[in-house]
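Note that chain A is present in both complexes that follow, paired respectively with chain B and with chain C.
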Partner chain A sequence: MKSVLAVLTVVAAIVVLWYGACVPMNIKGVLTEVERAGAEVVPPGAKERRDLSEFALAARNSFAIPATWAQERPRLPAPHQVAAELWDTTVAKKITSKRSLIYHGWVTLSATVLGFAIGTGLGILLAVGIVHSRVMDMSVMPWAIVSQTIPIIALAPMIIVVLYSVGVQGIIPKAVISAYLSFFPVVVGMVKGLRSPDMMQLDLLRTYNATNAQGFWKLRLPASMPYLFASLKIGIAASLVGAIVGELPTGAVAGLGARLLAGSYYGQTVQIWSALFAAAILAACLVGLLGLIERAVLRRMGIAA
Partner chain B sequence: MNTESNTQPVIEARQLDLVFQTNDGPVQALKDVNLTVNKGDFVSFIGPSGCGKTTFLRCVAALETPTGGELSVNGMTPDEARRKRAYGYVFQAAGLYPWRTIAKNIKLPLEIMGYSRDEQESRVRNVLELVDLEGFGEKFPWQLSGGMQQRASIARALAFDADILLMDEPFGALDEIVRDHLNEQLLALWTRTEKTIGFVTHSIPEAVYLSTRIVVMSPRPGRITDIIDSPLPKERPLDIRDTPEFIEVAHRVREGLRAGHSDD
Partner chain C sequence: MVMVAFAVALWGVGWWVNTRLAEGPNSGSRAVQLAVPLIFGLTVIGVWELLVRGLDVPLVILPAPSTIAVRFSDSIPILWADFVQTILKGALSGYLIGCIAAFLTAIAVDRSDFLRMGLLPVGSFAAALPIVGTAPILVMWFGFDWESKAAVVVVMVFFPMLVNTVAGLREATAMQRDLMETYAASYWQSFFKLRLPAAMPFIFNGLKISTTLSLIGAIVAEFFGSPTVGMGFRISTSVGQLSLDMVWAEIVVAALAGTAFYGMVAMIEKAVTFWHPSQRG
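Up next, the complex of A and B:
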């Protein structure tokens, strides 16, 4: 109960700050609009107002403040505008509609999940190789690290162009970019997890004359599970970012990334913000889902008490 | 060392040397160790830390490789003996897998060695009874006390048919009361199973109470300073520790330890 109150306080503070920020962000546009509609504005004329501070303008034209929360194309949309747009494009629209965020979210989600699956599989395989082979440890790990230093926004168009030229398009290029971002945390976490058994545990298996495969399945893999789940949570969020970035450079017509891009082409800030929130909510749901799976698996294993 | 004639020694060390190469130069962990352990012996290794008692046990288990001398286990090299699963090893910590129940932890070596499912079940039942943990098979390790966990790890080492049991300070982390109880149980278990036991400890009463033979070691370089054949009977209630014989053996062990210390 106490923590719920604390969380609500933080949310309320953010909303208040947000509404407050809308006033100076939007006041100039609003004053231009109301002046055109015939209202008295001090000082008159957009040119006169250009170099004045937004706060001074808001103070001298306080009648116009409510309008900063209700513009059609605000610089910064107010929370209720974003919420209304979210409601409008999810619940009120048919899923088949091209304006439905559920539809766009699904397009992005499918690429995210496919990319996440590829990235996780690849990450686990690489980690197994790195743990069992010194050569792989020394040759793969540096490249894995280097791969993450390249800005994905620079790499994404090239991946799409290269894959397109060999005839691969649609969901696959986006999934590849997703996988590119998500394999890394899995590799790092899994290597640490597979190496987590101490010397005594390894000695014990040696006294049983256990094979490497037995050591892997019976000791290293189960011991790595808590590490794996921590990595998966980072990986799924990275996957979503990858899928959205993959939708930007191609001028994709569907997906949350496409909604963001279309919104910025047409100055539809409300649309941009609602797509951003849709992406954030989607990410939260995915991470939450992984958290539930983690709890179930670890409890079944008897690790989480 | 008087029963050597009629039985083949289980563990035999001749002029065993082991030098570790460390960053601070070579360290002589074992020097000129000669020891014969016969079938059914309960041999304790006692000495201050760094005297090589654990190292010697690890050599027997083929977890370390001696750099000189000869060592045979069941007439084979230690590594051959390890491959033949000649011994069970109990470490200082119980080292149970937290994601396995007690029964499944005990099954671990059985799974690795390819015992059938029925065989696994019956063996788990047997050893759980042997270490007095019936009814705890389905519990997870964190639900058990430290002493119970260590008993489970002993059960795990007993589950397969190794006739040697190597124990490296298995009760070192437990309090005195639990330790007494486990010592008593271990003796009963040794009598029932007729295993050959190598037992590392740094407690004099524990070594004297348990052993048919006590090997006193001293450090820098790790070597044997005295081997004492215990005159105590095989049947040993806890209050045997108040008898003059017991006190005499304990005295001799203490003397041996002191002698080892005086020349460094």
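Up next, the complex of A and C:
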């Protein structure tokens, strides 16, 4: 109970800070607008105000402060503006509309989930291979670890273009990017998990005359579950980033990444922020869903309380 | 066709050598442990080269490693300028600012149980978000040059670093803290002599995660607008011109920079946390 209160306090503090930050961020634009509308501004003229500090301007024109939270295209939109835009583009719009965030979110989500499934599947397969074959372990594992220090997302634009030039487009290129971003965390985590049973346990199975396959299904795989879920959570977050970045070079057709890019082309800050929050909510839902599955699976296996 | 057959043969030979090495008597030795992944890597590059040449794969799909190497050595001045712009200016400055800011915030938060309880869930939530998405906003605020890239990096590394440092500062046990108390150690004495050293493995974990994040942030932020220099800029424009050898050369630079950056942090970690079980091996 106390921790809920603490979280709420921190969130409230962030919101207050945010409203506060809107004032200096937007004051210059607001003053120019109200002056054009005929209000008295000290000092008059945008040129005179250019080199003054934002705080001094806000203090001398305190009547304009409420306007900084209600601008059309603010540098920093206020929280309620973002919330209103989110409500507008999710609930108030038909989901078939091109302006509906649900539509764009769905485009991104489908690529994310498809890529995540491919990446996880291949990652688990490779991990099984690595655990069972010493050659594969020694050859592939160092590269899998090194690859985690590399910003592989730099490959994303190239993958899109290359796949386009061989005639593949739509959801597949984005899914490929998502897949390889989630692939390596899953490999590394799964190898760790499959290796987590200690010598005693492996020896015990040997005394039972268990085959390798039995050892895998009855000991290694169950033991790897906590590790698998930890890396799945990292993997799905990476997949979402991959899908969003994968939407950038295609010229902003559909998807949350496209909304971000289009917003930044046309200076629609509220649109950028709402797309950003939609992506954040999506990520939170995906990670949360995995957390629920993890709890259910581990409880069923008797690992978690 | 000869090339393709040759590629298959090369793969077979590489695999056979590695099998012999890995299952041979010396498989535990340091030399073999280094040689096996090296042979694997070289085999992959060799097979790649032979297949691209043998199957006449067009440049716009996959350039051969030799083409990439030639392009790399031909455009070292460009690559160096991009490296300075993106890695040294954008990623490194953002990394330093973000990590120091997160560290100081963690120390401030650590003094209050209430704040820590509130900030930790928010921080770990934020660490899982696609923060790269703030790039267009920050590019709008800070302009096209490296300052906006550094800002993206700051936001990206802040939360993982914060969560790790806060967790690390709780690592010293109650017993150890009580001992410091009995020595009449002040808050800062027990901080510098006990809790900070105990937190180091966690802090370095955060620092290592942040190295990769900082490169990702700096490169992706350039996709949203940049001056006519930088790795992200070069990648997106070269993709547009279909000169994929240049893209691959940049990716080589990114890979080298990422590995070197990570390696440096790992080396410092080794020196600082020499006492930790994971380093004594």
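By definition in this document, the second predicted complex is superposed on the first by the 296 of 305 C-alpha atoms of A that agree within 3 Å, B and C clash if a C-alpha of one lies under 4 Å from a C-alpha of the other, contacts with A are read in each partner's own complex, and residues count from 1 in each chain.
One rule holds in what follows: a contact is a pair of C-beta atoms (placed from the backbone, for glycine too) under 8 Å apart; a residue touches a chain by one contact, two chains touch by 3 or more.
Keep in mind that this is a model prediction, so the values were computed, not measured.
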So in the superposed three-chain picture, is A:219 touching just chain B, just chain C, both, or none of them (first/second/both/neither)?
first
Chain C versus chain B, contacts on chain A by residue
C
Figure out whether A:273 sits in contact with chain B (first) or chain C (second), or with both, or with neither.
second
Return first, second, both or neither, reflecting whether A:209 touches chain B, chain C, both chains, or no partner chain.
first
Counting only touches as set out at the top, which of chain B and chain C does A:301 meet: first, second, both, neither?
first
For A:201, is the partner it touches chain B (first), chain C (second), both, or none of the two (neither)?
first
I'd like to know which partner A:110 touches here: chain B for first, chain C for second, both or neither.
neither
Enumerate the residues of chain A that count as touching chain B in its complex and touching chain C in the other.
none
Which residues of chain A touch chain C once you look at their complex with the stated criterion?
2-3, 5-11, 14, 75, 134-135, 137-143, 146, 148-151, 153-155, 157-158, 160-162, 165-166, 233, 237, 240-241, 244-245, 248-249, 256-257, 260-261, 263-264, 267, 269, 272-273, 275-276, 279-280, 283-284, 287
Sites on chain A touched by chain B in the complex:
200-201, 203-210, 214, 218-219, 222-223, 225, 301-303, 305
So, in the complex, the side of chain C touching chain A is made of residues 15, 18-19, 21-23, 27, 32-33, 36-37, 39-41, 60-62, 114-115, 117-119, 121-122, 125, 128-130, 132-137, 139-141, 211-212, 215-216, 219-220, 223-225, 231-232, 235-236, 239, 242, 244, 247-248, 250-251, 254-255, 258-259, 261-263
Give the list of chain B residues in touch with chain A in this complex.
61-63, 82-83, 85, 87-89, 91-93, 95, 97-101, 108-109, 111-113, 140, 142
